[in-house]
Structures are given as C-alpha cells and as structure tokens.
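Letters are used for the chains, namely A, B, C and D, taken in the order the chains are written, and counting of residues starts over at 1 for each.
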Amino acid sequence: MQDILSTYTTHIEVQVAWGEMDAAQHVNNTVYLRYAESGRIHYFNQLGFSVNSTGEGDPVGPILAAIQCKYKFPLTFPDTVTIATKIKLDSFDEFSFETEQIIFSHKHQRVAAEVIAKLTCYDYKALRKAPIPEKLKADMLAAEQSAKA
Amino acid sequence: MQDILSTYTTHIEVQVAWGEMDAAQHVNNTVYLRYAESGRIHYFNQLGFSVNSTGEGDPVGPILAAIQCKYKFPLTFPDTVTIATKIKLDSFDEFSFETEQIIFSHKHQRVAAEVIAKLTCYDYKALRKAPIPEKLKADMLAAEQSAKA
Amino acid sequence: MQDILSTYTTHIEVQVAWGEMDAAQHVNNTVYLRYAESGRIHYFNQLGFSVNSTGEGDPVGPILAAIQCKYKFPLTFPDTVTIATKIKLDSFDEFSFETEQIIFSHKHQRVAAEVIAKLTCYDYKALRKAPIPEKLKADMLAAEQSAKA
Amino acid sequence: MQDILSTYTTHIEVQVAWGEMDAAQHVNNTVYLRYAESGRIHYFNQLGFSVNSTGEGDPVGPILAAIQCKYKFPLTFPDTVTIATKIKLDSFDEFSFETEQIIFSHKHQRVAAEVIAKLTCYDYKALRKAPIPEKLKADMLAAEQSAKA
C-alpha cells in the first residue's frame, strides 16, 4: 500500500457510508466520482486555492471538463478509502491540465478505481475559459516537486 | 388518487431512478426528502419567487428549519411519484410557516410518504431570521385560496 | 462539547464533502439525514446486528418509519461532524422504538441538527412488521445501560 | 435537436432537480453520471433484461468497468434533459461492450455531456467475469438494427 500511495501528492481518507451502496449491494458508481472530487478539492485547498464561483477571490478557477474512471473492484460498506491525487505533469496546455487519482480500499488493500480528470480554467466573471493563472500553475508544480523530493 | 392529490395546491412528477435505491433494495430514506425539496422549490417558483441566496433579487427567503417525514411504504424502481404541496394555513407566525406534502406512488396508487416542513424566513444579507415578506405571504395565501376554489 | 456528546451512546466522525453543499452554499438538507443514517447503522453494527435485507442472518430488522430533523444552523465545507446516537428508552412498544441523534460541528463546536428516528421492526421474509427481536432489545438496553455507567 | 437525438436507440427524459446543483451553482459532475446510469438501465429494461444482482433471473449481467464523460457546458435548474443511449457496435469482445450516450438540455437545445461506458458481463453466482450472454447480445444487436431502420 505505502508504495503506490506514496507516488501521489495529497491524500484524504473517507469512510464509506452504508447509504452509498445501491441495489446491487455495491458502492454506486457515481460515489467514486464524489470521492475523486473531494480529493481534488483537498489538493487545491492544500495549495491555498479555494474553488469559489461566487464572488470573492480570484475569478479564474479550474472546472471539470472531462473525467475517466476505471472501476477495478466493487467497494462495499464498511470500508475506508484513501483518495490520492497528483497533477499529470505532461498534461498542461495553456488552459488545461489533468489530475491522476486512485481510490484505495483499506479493507482490501487494493486500488478500487483510477480516475483521470481534465480541468480547464474558467473565468467566472467573463464566463469563458481562461489561461491557467501563473500562481496556480507555479504552486502545482512546486507541490509536485516537493512530493517527489 | 385524484381525491387526495386534488387537496394540494401544486404538483410535480418525478421518475424514480434505479440509482436512488440503496442496499435494502428500496429508495433510500434521504431521497424522499429530495423529492419533497423539489416539490417545495416548484411551489415557490410557481409564485414567481425564486429561492436565491447569491445576490440578485430579494435577500429574504425561506430556509428549512425542521422537517418530519412519515414513510408509509417503501418505493422501488421503476415508479413515478407525484409530489403534492400546500401551505398549512394555520401554521403562520411572524417568521415561519409550514408546508404539507405527500409523495404519491403511481405504481401503487398510494401515498408513500407524508412530509411536513417548517420554513423560516432568513435575510441572506443581514444573516439572521426575518419576518415573512408581505408579498410572499400574500402570494401564498392567494395560491391556497385559488386552489380551494 | 464533551458534555453534550457524552450523553449519547455511540459516536462516529464524518468529514463534510464539498460536493454535499447545494446552490445555497450550505450542506443540503438531505445530507443531514444521510449522516444520521450512518450514525444509526454504526450503532447497530456496534451491537453486532447487521442490517441485512438480502437473505442471510435474521430476517427481522428495524426499518425507518418516521424521521424528524431540526436544523439548528447551516453546515458548510470544510468541517467535520460527530454523529452521536442513543436509544430513547421510553419509546419502546411491541414493534417500534426511537433513536435520538445530534450532528455536532467541530468547526462551530455546536449542534447543527437534532434527529429523532422511529424504527419499526420488519420481517423481510414475511413482508410485514414484526415484534422487536428479544436479543436486539436486550442488546440495546445493555448498550444504553453501559453508556450511562 | 431531432437530428442528433434520433441517432440514438433509447431515450428518457429527466427533470433537473434544484438540489442536484452544488455550491458552484451548477449541476454537480456526479449527477451527470446518475443521468447516464438511468439511461443505461432504461436501455436494458427496454430489452426485457432487468439488472438484478440479488437472486432471481439470469445470474450474469453487465457491470460498469469504466466510464468517460465530457462535460460540454454546465447544466442548471430548471431544465429537463433527454438521455439518449446506444450500443457502440464495434466495441464488442467476448466479455465486454460499450454504450454511447448524450445528455441533451432542453433549455439550451444542446448536448451538455457525452458519456461512454464500458460494461463487462459478470456472473453474480460464480463471482467472476463471464461471456456476454447470447440472448442479451442478440437483443442488443436487434435493438440497434431496428433503431437504424
């Protein structure tokens, strides 16, 4: 476990809720994406960047443009998952970048899902896509750098 | 069916989603409250009152202070429900009022749940409770009146 | 904090997820009920009683008959809540009993919501309500007793 | 609208719920996947194939192995979406196949998201992947054929 999780930059733990299972007796597929969302929000909060579409602070922030999720095995209650997140360093263009995440089951000591999200920066005032803010990019690169160190 | 539904003022139909069932093979208890929320939002939209905490329009609007739900029988997919909503006319005080709702199963032709919500008016600018706006109260009373006519 | 929480029998902590907030910028009202559900499931799991509608084990278990929730103040992300649960000892009849719960905000050091749930025992094989199993009742009373000790 | 929707095989309409919006004032990213799930369940129900992991009927059924979603623009309440679904005919291997879906906004008359799901057949009794049942495959091909006619 240590090995694979330590190749990611930020980590949060979430307890699986019984009510997140669906009628197939497994955690519903949409919940994995909620876990991944919480992991990304945590990543940006760690950088001091709060995702905020309503007024205060920087009007430019990343929004989700696309997501891919591979479901490796079905999660069930009770379990705790670690969501591990990093930026894909070769994914940057002017407006966008990608995160790579794994959802790791404590009960099974295995990766339950792999998630890649494409985030595009968006100007909530001008209502159109915007270049990645310099500071945000520098902060992400620094976070990735220090995670590797 | 007609009879009980017609004693309520507004009605919306929602199709039960498969993914709203939980591991007990029934629609999860929290989803009934989502249905009721949708019914209340619809009621206020019909009055031309949009619930809006973020800036434009009237800064005073109703927020949920308390809710009671009686679960009469378990909903399952597939089904369609009608959520029927009215204001409880004897519930008004200076700041608050109550809605009464039923969630009616088309498949079973029976009431699946009864919901009573207490709504308290809140001033999103001043950040404290506020008297029910005169126009909102007048509009609710008029809607209830014309439903009875 | 200690004081109020310690009057309850079981406790779990849940981190509020960003995605649990709705367009009013607060944790959505239905999510409080998900937290309460998780607290009740935890309570019964602690007793060694797994809520199971699909075959194995005891065919009789408690289902939710009614719920009341008082919303005391709006939760927001980031926060962690403790859900504290106990059985209401004077609530028992042949088929039913009630749980009392609070949802306690770590950020605000205050109770965000109070929840009372009425649970009725149900025979998943016979498909009708059933008396509270003797062992379940004895285990609940013992748990409450030892919490008070 | 007609044109793009008519290239898909099954269609369902879902009303966007206010409570599906998140704090960014848009329908939360996970909800698009719930819509897509509802569209796939509908597709299989139309074939007379009920997805059922709990006992009765065929023990082999498709489970979600991977999903991709492209978010084209943010949905908001109020709106109604049509979820249109078809099988990707060149995606079949022994165990798996893919669905293609669009989520179409009535308010904007535009595609809000494109979803590709990879489904792998799974034997719920043997607890391992299984070849696509002959009848299911034949029914899917027939449905696709008649949609094109």
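In the analysis below, a residue touches a chain if its C-beta (ideal position, glycine included) is under 8 Å from a C-beta of that chain, and two chains touch if they have at least 3 such contacts.
None of the values given here were measured: they were computed from a predicted structure.
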Selected interface, A-C versus A-B, where C-beta contact pairs are more numerous: A-C
Remotest chain, chain D as reference, centres from CA atoms: C
Distance from the mean Cα position of chain D to that of chain A, given in whole angstrom: 24
Averaged-CA centre spacing for the pair chain C and chain A, given as whole angstrom: 30
Separation of chain A from chain B, taking each centre as the mean of its C-alpha atoms, in whole Å: 35
Residues of chain B engaged with two or more neighbouring chains: 18-19, 23, 25, 28, 30, 34, 37, 51, 54, 77
Interface residues, chain C side, partner chain D - complex: 18-19, 21-23, 25, 28, 30, 54-55, 77
Touching residues on chain A, where the partner in the complex is chain D: 23-25, 28-31, 33-34, 37, 51, 53-54, 63-71, 74
Chain A partner contacts - residues on chain C that touch it in the complex: 12, 14-15, 17-19, 25, 34, 37-38, 41, 45, 51, 54, 77-78
